Structures are given as C-alpha cells and as structure tokens.
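In the two complexes that follow, chain A is the common piece, with chain B as its partner first and chain C second.
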Partner chain A sequence: MLKKRNNWKTIIALTTALVLVLSGCAGTNKASNTDKNASPAATTDAATAAAPAKGGELTYALATSPDTLDPHRSGLAVAVRAIRTIHDNLVAQLPDGTIQPWLATEWAVSEDGLSYTFKLRQDVKFHDGTPFNAEAVKYNYDRILNPETKAANSAALIRPYKSADVIDEFTVKLNLETPSNAFLGNLSQALVSIVSPTAAQKYGDQLGKNPVGTGPFKFVSWEENSQITVERNPDYKWAPPLVANQEAPYLDKVIFKIAPEEATRIGSVQSGQVLAGETIPPQNILALEKDEKLQLFKSNTQGLPYTLFINENKAPWNELKARQALQAAIDVDAIVKTLYLGTYDRAWSPLTPGTFGYDKSLEGGVKPDLDKANALLDELGYVKGADGVRAKDGKKLTLHYVDGSPNREKRNDIAAIIQQQLKQIGIAVEVEITKDVRTVVYENGNYDIYGNSQVNSDPEALRSFYHSGAVSVGANQNLPGFKNAEVDGWIDQGLIEKDETKRQELYAKVQQAIIEQAVIIPIYVFPYTIAASKTVKDIKFDSLAYPLFNDAFIQK
Partner chain B sequence: MKETAVAKTAWPRTRAMRRSAPRTAKLNVSNLLVYAAGFVVIFIVLCALMPGQIAPYSPTEMVMTDIMLPPSLTHFFGTDYYGRDVFSVVVYGSRDSLLIGLASVLIGGLLGASIGALSGFLGGIFDTVIMGFIEVLMTIPGILFALAIAAAMGPSLFNVVLAVALSAVPGYARVFRGQIISVKGRPFITAARSVGAGNLRIFFRHVLPNAWSPLLVMATIGLGTSILIGSGLSFLGLGVIKEIPDWGTLLSQGRGYLTVAWWMSTFPGLAITMLVLSVNLMGDKLRDHIDPKKSRF
Partner chain C sequence: MLKTISIRLFTSLLVILGSLVLVFVIVYLLPGDPVLSMVDPSTVTPEVLASLRAQLGVDRPLYEQFGSYVSKVLQGDFGKSIVNDEPVLPKIITHLPATLALTAASCFIAAVVGIWLGVLSAIHRDRWIDITARVVGLFGISMPTFWSGILLILIFSITLDWFPAMGSEGWKTLVLPAVGLGIVGAGFVVRLVRNSMLEVINEPFIVTLRAKGVAEKLVMYRHALRNALIPALTMIGVLSGELLAGTVVIETVFSRQGIGRVISDALMAKDLPVVQGVVFFSAIMYVIINLIVDLSYRMIDPRVRRSQ
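What follows is the complex of A and B.
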C-alpha cells in the first residue's frame, strides 16, 4: 500500500513537473479550503455617472481555475467569482452587516431562535425554466446535508440547519438544531446559493460542469483551464440590494479567462487582451495606479485576517512569556509596509475591521519592543550562546515556522522577515515551506507557527480557531492549541445572544483575551484587487468582496 | 586540476611529447575568452570561499527603509524588496550554487563512471541489462528527472544535489562505457593480456588511465548544466530553503518584480549565465586540449 503510494508520488511529481514546465513555471495556485480572498466596503473609484451602455463582453482574468461551479461542493474562492454570477441566495448581506431580502421577501424568526420562516418571491425562475419555490429551497438545503452531495464549505455554513417544512408554495420554514446568530449571514453566502433542483437531479455529480441557478447570468460553457463563459439572463429582475440595476445585467457576456501566471495576467490587462484581471500584487498595484488607461477596484476581505497561530502544544510556546516575547519582537508594521508597500492594511485583532463585533480598541495596542522581548526570554531562563541563539538546559530555542507553497500573497516572505526579526532576540527560526500543509499542519500538528486566514460573514468564525471544542489539528486541538473556558463561554454565548450590544461586548472580550494572551500575531487584511480598463464601469462587490456584474457595463 | 598532472604520466609517452610542440599558447580571441572565463570562475570561487571579504553588506540584513533601490554606487546591484543589498546576497548565494554544481558532478560522475566502467569492461548479459536500463533513463529529460526526484523527496540541499547528480548519471555511464569498450579493443590491451596480466591489473593500469579523459571534459561541461538544473529546481521552489538564498531562488523571488525592479532577478540571472558560460568555455578548451582525434593525427 505504502509502496504504491510512493509510485504514485513519483508519477504525480512527474506530471506536475511537466505541467509546471509547460505552463511557464507558473504557480499562483490558491487552494486552501479555509481561506478565501474576499469582502465589503467597495472602494469603487472612478465610475462617473454615465448612462450604462448595453451589450458587450467583459473578459475577466482569474488567478486560478475554479474547482467546480456547483456552489455546494466548491471549496475555492476563485470558483465563487463565477458561481456568484449564476446563482442567487435567499437573503443578501450589505457591507454594514445588515441582512436584506433577495429571493426571500421577508422572514420571521421564532421566539426560541430555532425556526426561520421565509416568504419567497413568486416571479423567480431558474435558467432551465424550473419555477423557484419552497420545494426548491428545501431541496437545496437538504442537498447540502446529504452526504452523497459531498458538500464542502457549504456544509459548515448551513449548520445548524436541521430540516425544512414547506408551508405553502412560497413559504418555507427552516428548523435549526440550536439557535445561531450567524445563520442568516451564512445564508447570504454564495456557497449556499440556490441551484435548480431539476438540474441537480439530472446532472448529479456533474452539476459543477453544468450549473443552473436563478442568477443574472446563465452558464454557457467551461473550457478546462482556459475559460468560463456566462451570458445575460434576460428574465432577471430579482437583483439584491447590493446593486443598483434591478433588471437584467447590461453585459451580454462575462468571460472568465484562467491566467495563473501573474505576469501574464497583468500583462494581458495592460495590453487590453482582457478588460479586467484579479488579484494584483502590491508592486503592480503601485505601477498600475499610474497607468492612465487602467483603474483599480479594491475591497477588503471580511472575517479572519491573515494570522500567525502560535502552537501552544509545543514547548516553550505553552508559556505566556515566550509567546509575549514573540509578540514584542515581531514588528508587524515593518513587515506589512515592506512587503505590501502600503497597499494592505495591518491587522490588529483576530477579526478584520469590517466584521461584526470588531474591537477597535486593540488598534495600536501591540508595539515592537526588543528589550521587553529579551527580558521575557531571560526570565524564562534562556541564555544567549556564542552563536547568538538562546538555549536552556542545552536545548536551543528554535521555532518551527510552517508555510504553504506556492508563495501566496508573499506569505513565504513574511516568514523570511520574521526569521531575521527573531534572530535579534536569539530565536533560531526554521522555515519549512511545504506543498502539503494538510499533512504537516492539520494531520501531524508539526509546527510552532502556522499562518492562515478565513473569509467569513460573522464573528462566529472565531469558533473554529479558538474554541477548545474545535479540533481541526490532529483531531485534538485548534490551530493555536488554545484552551480557555472563559473564551469558550463567550463564543458560545455570542452565537445565541440576541441583544446586539451585548453580543458585541462578548466578541470584544474574546478578541482582547486572545491578544492579551499572545495566542496569535495578526498580520494583514487582504484586499481583493481588480485591475480593469477605464472603459469598464461599476463592478460592485458583495459583503465578502466577491465581484458583482449586475451594474457593470463597458463604455464605448 | 591536480588530477591532470598526475594522470599525464600514465599516458603513452610519445603522445604527450608530440602534443607539447604545437600547443604553445598564442594570444588570440579564443584564448582571451578562456582567460576571461578563468577570471570569472576564480572570482566566483573566491566569492564562495570568502564572501565576507567581498560583500559590502550582510546578506541577511533587511533595511526596511531601503527597499527596491535601483543600482547605485552604494548598492552595485540595487536592493531587493526586503531591503537587502542584492550584490551581497548574490556573493553569498554563490556558495550554494557552486556547491550544488560541484557536488552533483562529483557524485553523478563517480556513480555514472562506475556503472559505465563495470558495464563496458564486464560486457555480456550484465552490460545488456544495465545499458538497457540506462537507455530507458536517458529517455527522460534531465530536468524532469531531477524535478521528480526533488518533488518526491522534499527540499533540502542534499536532495537537490542527489536529484541533479542522478539526472546526470545515465549520460556519464554511457559515455564512459563506450570509451572503456574502445580502449579494451586496442592492441596494447591484447599485448598486456598476452604477457599474462590479470583482469584487475589490465583494468586499473591500462584501460582506466586511457579512458578517463572524455569523462573529465564531460564533467567540466556538466558542471555548467548541473548549476543550471540546480538553479532551475530552486527557481521552481523545490530547492533549498535557507536564510541565504541561492541564485535560482533569487531569480524566482525577483520574477514578480521584473516590471518594477528589474535588478532583483537580472543580476542573479547574469551571475548564473556568466558562471555557466565560463565553465563551458573552459570545458571546450579542455576538450580541444585532450581530444584524442586532434592529438592523434
């Protein structure tokens, strides 16, 4: 068995090698489940109030190939960019966090918070002509729960959904296992959007290649590793309040071109081969800002910023003082300014600023202080040796820093800088860059520091990283190995607390405790950035920074 | 090049004498080139041996206020996006690049030569099987072979050396086998056998000394290839991850910045080009020098 796997490894390695060579040594693969680039507060510059021109094709370069266009089975942020154009949700979340009607016109929550009754729009049709109704909603959410669907991220989002009762054709009651404040927000996410029940039954596993929804665009074709085409849905008149145009979109078609090589993607925007391209690296943002023919659309992601988790299950990081030494020695400002050249915001808290409950008071709280860091390590009994590395009882003070490959958002470079910063206080940092984060981190738990981020619409996202009941690593600990009964209690209470102010206070306490106890080092908030020709107008974003093309048009 | 001196005595004397006459050094373009190449190689070897004396800055010092400065008198090659002096990093990086090249040529050459020698000298079914296997390996392009090995074993200096070395083994083995077979058939071997010399004696005293020179040429030229493959692996992120990056890593780190700070990958790239070119030029010269066809007419 083991031998067989090794053979496979070689075969896979060979194939990968070939692919790499053929693709011009690309490598901007973004493939982490938890981590999706995206969010609210659209800073749409330009876009002067010109009358929208109808027609035209918008070519849009994606950074990687989507895994599937079946929203319930996808785990990639890049897939959501296309999924969003084809599918709608029951509700929409605005950038300020409020929930607004979309395919549902109104809803009522029961006193105990265990059931949600939705009244649905009656004029909605799927692209294949199937009518949208209460049965369709029930079918969709049950489909996510059904193990045969092999639901990915959607399964976590739909929780604690239990069952649905069809009250009449356009009224559906959703029943929950436990009350959840995050439920409505989650229902607004593209990964739990509504697919056509007829199509889902017809295509089964293959729905991802033949998606059918109720969205502003209809799926046309998907050429593997080349492009995905969607065309205007002329019947569309149920747009979310996130966009101005409530009717069918202005564009004839949106063509998503798959261009993993960064230089190619940016080059094709500059040369006009495509009208827009996503995920622009900081150094190019600066250069493109000066380009007269181009404009940038930028939107900060929401949820958990890119955060370094310090593994408390590895000595000496179980000691508060050791972690505080890291907190004081790592100069996050310098890292963010150097690598991102002022285009990314620095993170201060386990949550991003746009997320509900974000505690602003943490900003400016942690300051780099080498003397303090040195003093803390001295107190722990670590003495600097001749080589400048601290040691105690003959054991050197090393830190095993794990990061994934390819070098997404310059995260490997963060490791390189931290290696130098920690050298100053006598910690030897071993950096391990691996293609197999799943095994190294999530199965073996073999890391002192590992960084990750998560796009999410609700502070409930904190649970899977800081609640002691979340055991994503080796089935026995959360990423930081953090166990704190008080914090557990606040997170549990936050999920059911109905009073918004009280809920806010609970999450503030959680964030403060995490920073005070130096559980993590928050690094940056990721801005989803699009470069586009100046003729492209009014690309909007949903609350998680996924682009919306309802209002978009091409000026002639 | 101490080996050359030692080995010369083993050559038939007549050949050595005939050669010395027309080969007095003349100053022409090709010679000048070889001298220039020699200087480049010597300089790079010096960089690898004592980088501290040559580099003006520490290769790990990141000056956050001096990021992406263009080349100037204070920073010959400019600074990179960490604020490191590119010249200093390139100087220090020479060590790993050279090490990968030398070590893999040595390991690959020894391994390949042993296989080739055994195969050629023993002949028979052993030869057929081994060479069949080598032929199969030769159908895989060297860089792909190295990539597969590096990807399967994970990134470490030793693995990269091994990957590059193994990818070169088939080439060495085949050339050396051919050479051994050709020497084995020469009359002086038959003569040695007829006076009763044993297999081992014939192999070590007569066959080996007369067969190894093409291998030397191949190794010299192979040095360039190995450095290139090693850099290629680092470029693809399968190389060594260390505080001081080697040239291939530098090249790939700077790639995303080509349009805004060309110097970050251009200079490491130039360093690779210069080294490989110089080594190849010297290898060519060496080949001319000990080419049996040229020395026999």
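What follows is the complex of A and C.
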C-alpha cells in the first residue's frame, strides 16, 4: 500500500514538473534534463494520468429504488451501491480472494476455529461522532442476530456467529457456533458493515432512512424514488486496500439518481444530464463503446453464475441420462453470443471465475452434441411421434421451464431459445413466465428447470443450492433436488478445512461432480457495467463488483 | 341543489367504503405469500416465518384482519411498509403532490389541445386540418405511454436538451411527462369535441344565429362550443382517472417521484400495506374529481338542473 502511495506522489510530482516545463514559465535547463532522465514508463504515466481533481458532484443513475439503507436489513444489490459509500467493514476482500485489514488492523483465529480475535483501528469515528470500538462491533453483530432487527441477507451472512466478547476498548473476540472458512469473507460484505450504535438506537427501525456509518461518504438525504445524496467525509483516513486514496474522497458529493427506465437512464448519460449510469444492457454496451464522450466500467460479479437448475424431483429428470441429454442439447455458447453479443462471459461451473476454488478445468468441457442427446433419449425409451415430440408409454416428453418476470438480463429470451434447441431432440418445452416465482418455485416446487444466480464472496455459497441439508424449495429439497452424500461431505469439509490447497481441491470435486451428473446448466457470468462520461475517472470495484468512489474524481 | 349535493356526497362516501373492502379483499386474494417475500427463502427458518406471520397478523382469520384494518384506517393509521418499516400515510403524503401536479398538468394539456384541435377539425371538416387533427387524435389514443415517453426523451431531452429526462424538481421536469400523458387524453378529447361540435353545428339555433348575421367566430366559440363542451367535461372527469393510472408508467419512464412509482414498487415487493394505502387514496381522489365534475356539469348545463 505504502508503495502505491509513493507511486502516486511520483506521478503527481512528475506531472507538475512536466506542466511547468511545457508551459515554459519556470522551466530551467536543469529541470528539463531531469525530466528527460525520467524512465519512459513514468513519463507516459505522467502524460496520460491526470492528478485527481478535488471537488465536484458525481451523478450516478441507479436502475431501481433501494429498499432501505440499513445494511443489515437490505436485500437488494442496488441498495448496496449506496450503502457501500456510507459504511465500512472490519475486513476487506481483494479481487484475488485474500482478506485484508480495514477497520480491524489484525486478527487471530483460535486453533478450533471457533473464535476470531480482532484488533481494531483506534482513530475511527462514525459520522455522528460516536467512537468506533469493540462495543460498536459487538453491538452491530448482535443487532443482526436480534429478530427485532428483521435482518435479511445479513442474518445468513453472519452465520455461524454466536456472540462477542469485548476484551478491551479496541479488541473484540467473536465466537462462532461452528468453524467456518466463509466467515471472514462474509464479514467483508457490505450487508454486514458497521452502523453507528448511537444512530441505530436513536432511529430504531427507521435507521434505513437515516444511515450513519464510518464510510468515506456521509448520508445527506434520500428523496424516495428520486435521489440519494451522500457527501465527502472529511475525516476519512481508513480506506480499504481496494482503493489507492487512503484519505477522504476527492468528490464533494455522490448523487444517486433513481432511473428505472433503461432508455432514460442511458439517454441521460449520453446527453450528459448524469455523469454515470449503471446496468447497461448488451446492445447499448456495443453502441456506447463507439461513443467518444463515454467510457464503460465493467466488473464481473462473483459467486454463482446464472445457472439453470434441473429439478431431479420431477420425472424423467431424476434419470442421469435425461439430464445429460439436456446438457448435450443446450448450446450455451449460441445463447450467450446471440443474446449478450459478446459482452457477457459464458459460465462453465457452478461457481464464477474469481470465486475461491473455481475449477478452470471445467472450461470447454461440455460441448453441444445433438446425436449424443438423441441417443441418450432413445436409450431411455422415448420415441419421436408424428409431431416430432418424443413419448414413452403414451406420455409426451415435456419440460416445464419456469422463469420470473420482469425479463431481467434477458432471461426470458434464454427460455425461448432453449425451447427451440430442445425441440430438435423432441422435447416439448412449456415456458411459464411468472411474476410469482416464490409461489411457483419455492413453495410449490412446480418446475423442471428454473434459473437463478447469487453474488457471494465464498464457495460456501454452494451449500444453499447443492447440499442436501439446504431446504429452499417446499419442505424437502434444494433448488435442483440434488442429494449426494459425497458432495455434502466435501461441502461440509470445505467449510472447515484449514489448508487452502486442500480446500481448493474439495470445491473442485464438488464442481466436477455437479457438472458430471448434469445437475445444472451454467449459462453466464453477469458483468456489472457502468457507462460514464470520459471526465469521470477511477471508479473502482470491491470483489463483489460494487462500485467504490474513494478514488473517483471528475476531470475538469 | 343542496339535496343533490348531499346525496352525491353520501354515495361518494359509500363508494370510498366499498373501495376499502375491495382493496382489502383483492390484496388478500393475490397469489403468493407476503411473508415469504420478506425473507430469503433459501435460508429462512420456520420459526422466523411463524413470528413474522404473527407480527403482520396474517395468521388470523380474514374478518379479524379486516376489522382491525378498518379501525386503524379510520384513525389515520395505514400501517407500515413490510419492506422498510416506513409508515404508509406519510409516505403517500410525500409522493402525492408530484402525482397530483402531473395529473393536473396532463389534464390541462389534454383539455386545451383536445378542445382546440377538436373545434378546428369540426369547423374545417374534411379539410387537411381536420385530417391532421384526427390523425393526431388516433396517434394519441393508440400510442402506449411508455413508448411516447421514451420518444419525447429522445427528442426533447437527449437530442435537443431542452428539458431534463429525469427528476421531479421544478417545472421543467414536469413538461415532458405531462405532454406524454396529456397526448393520450388529448386524443380522446379531440374525437369527442369534434363529434359533438359537428352535431351542434347542424342544430337549428346555429342556423338562426347565422341568419341573424352573428359573426361566425362568435357563433362557433360562444354558442356552438359551449354546447359541445358538456360531454367533453364528463369525459375529462373519467379521463382524470385514466391519467392517474397512467402515472404508474410515465413516472417510471421519467424517473419521477409519485404514488404511481410507489405502488408499482410495492406490488413488485408484495408490500401489502403500501399497496392498500395507495389504492385507497387513488379511489378517494377519483371519487373527489368525479364529484366535482358532476357538480360543475349541473352548474353549466341549465337542462340538467331543470330536469331534477
């Protein structure tokens, strides 16, 4: 980190020198000599990278309305974009998966993996003046556990946290029910960031409209369905190693405009009415790439890619051969290229690249093969009828494909393409687009295929989708209805395995088993994409692809 | 007159009460479990579900839920949002002005543009001005607002940069959405005014006026239009309801604040208390507007007064 900061100083110094020399006001011969002696790389840097300009307001159009700005209660990614600017975490996860200090300077894990002792920074204050200390950490995590908080996703993230002991003012020990390798990664997520205990007590269930954290920006106002404004926290000096600027941010304000209509959002960026806008659909990405006034920031999300789950509790998909036929007949490359025009990456595994334990060897493994698909269905005794649909014992081979509405990320179009692709091997796909996925899928389990994705920081995310103990659908199954004692064992072991290499191997086995047994069809990795005016510089991302504005500035 | 007004007031009250029942029942009949929509179904425990159900009161019988809902509403308590615990009434009150402004502005545009074009088109029947007005009217009626809204943004905001594409601060942000919504209403009004003008123009009293040598402009605007306006006025009452509903789409397209946005978000999130509150408020507004239209109709047209 220190090295990086020095780089900045060098660049700034060089830029200044260059400007002085070029303008010819104070440039002596000696100065220009020094300039010539500078390494070529540094000179190019100095010429292209401008020094961050202080001040200015960054307008940033969001795609939907946040539900709440209380990190512990939010369940929407769009809320996290704003939450992330106001709140910090104990630790930070870098894109390579390693955990680095943030509000905690160091930590030690007990031998049994059941307690984590954190040393905290001593110079941190919440925006309302409340000091940040061990009590505050304990208050926050206990708050998430407290049912009265009505914590949403944060309750799942904090698991298996049990209690906290305040050792001294700046040392806190967190106790866990069971050991968990995912714990530190989860603590880095914005949804378990630290809120001011004073504010939480003062505002109660209205904290979401009056958020107070320790983050680089302070909350100013939230005009519902219109905009959220945050302003620079001038005291800020505890930035995570994800960003270069360790001090207060350069921007005076970030104004999040809420613009659900795609055309309005993108049009406003193009016309310069807002400086940046998020969630840019593929066809616009191609057009915007050619726009000389604009640039794109893109970051692939981590966790589980968009995956089609084949429901093994519905015949004939309990048969391996039937699932393998689907795997061989669905041409994922064609889908991803047609719909996303090369702007999304195709997924190969139950995990996305970049997530710890991702098994690269799966890439290129599954290839479309209609002959193989047909042969597999022949073996199962399904015979093509006059209408081209296969049948066995008078029963037609149909597939009930459920997807949600609205058509997020063109997922409904995937269903339509798969309907065509499976027609070729004699499967009649009935597509059901419903506004009520919760009832159709999660309550009634009424689907043969249903697709979903999850942003997450650790492969432990696999548990809630593939472990037989994770019951999310009806009363007794996970999303694919997958039950496999071996896979259960690997996932359980992966949670506690201390050796990183061994842990990696465990998750590789899980991923391979899931693909070999054709439990799922992974489709695409979602890239979080921002279109911005070229004057906007250095928006960075955390490991889950949430934007960070610490380094961002507007070139004048 | 007083009697008529009090009867209308009484029936309006009945309508509002009826809407309260309807709102409650419809929301109750909506598919899907509101409690499940509050939690992450892949991680929630049955105990948490049960305690949430008890908190919301959805585990009690329907009549009990309704009873407690009505008694609370009468005390001005519309409950709290399921999503973020925000009280519903203040939320509606925050968003209502923007929607009212939009509805009023688009109603105004619909009335002015619609009546003006309608009269022109009747006077110049079957000439180019008439044909243009009719095409514009058809266009207004058949264009979906989300499309015309985007078109307006493309032309007047992104290309010409005359008006902002989003937001709800200041009069400038009101122009495009009001036009987008107003075109629809204008489409209806043009057709109606044109037809009733054509009817009135052929009435004997117009012939008499012309025979007496009254100036043609006076004949048209003072005598014919006044008679032709009566059906248009009724239409505007109905239209205000249409426009109110249209705000759901147009507020989303233009990223405006307003109760249209509130209810569409609430429906998506199955935020029942908010849905109930907004629908109930919309019903009240609709009833009030129609009450006003109804009464003014009686004032303008002597025949209606006499017939009672």
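A few remarks follow.
Convention: the second predicted complex is superposed on the first by the 508 of 556 C-alpha atoms of A that agree within 3 Å, B and C clash if a C-alpha of one lies under 4 Å from a C-alpha of the other, contacts with A are read in each partner's own complex, and residues count from 1 in each chain.
Going forward, a residue touches a chain if its C-beta (ideal position, glycine included) is under 8 Å from a C-beta of that chain, and two chains touch if they have at least 3 such contacts.
Since the structure is predicted, the reported quantities are computational estimates derived from the model, not experimental observations.
Shared-chain residue A:334: touches chain B; no touch with chain C. Contacts of A:208 after superposition on the shared chain: chain C is touched, whereas chain B is not.
In the superposition on chain A, A:378 contacts neither chain B nor chain C.
In the superposition on chain A, A:470 makes contact with chain C only, while chain B stays out of contact range.
In the overlay built on the shared chain, the residue A:135 is in contact with neither chain B nor chain C.
In the superposed model, A:413 lies in contact with chain B only, and not with chain C.
Once the two complexes are overlaid on the shared chain, A:263 sits against chain B and chain C alike.
Contacts of chain A with chain B, set against its contacts with chain C after fitting on chain A, overlap at residues 263. Here chain A touches chain C in the complex through residues 61, 65, 67-68, 70, 73, 75, 147, 150, 152-153, 155-156, 205-206, 208-209, 223-227, 257-261, 263-265, 267-268, 270-271, 273-274, 436, 438-439, 442-443, 464-465, 470, 472, 479, going by the rule given at the top. Contact residues on chain C toward chain A in their complex (touch as defined above): 31-33, 36-43, 48, 51-52, 80, 83-86, 91, 94-95, 146, 149-150, 153-154, 157-159, 161, 164-169, 251-258, 261-262, 265, 269. Contact residues on chain B toward chain A in their complex (touch as defined above): 60-62, 64, 67-68, 81-83, 143-144, 147-148, 151-152, 154-155, 235-237, 241, 243, 253, 255-261. Partner chain B is touched in their complex by these residues of chain A: 6, 9-10, 13-14, 16-18, 20-21, 25, 27, 262-263, 266, 281, 283-284, 286-287, 334, 337-339, 341, 405-407, 413, 416-417, 419-420, 423, 431-434.
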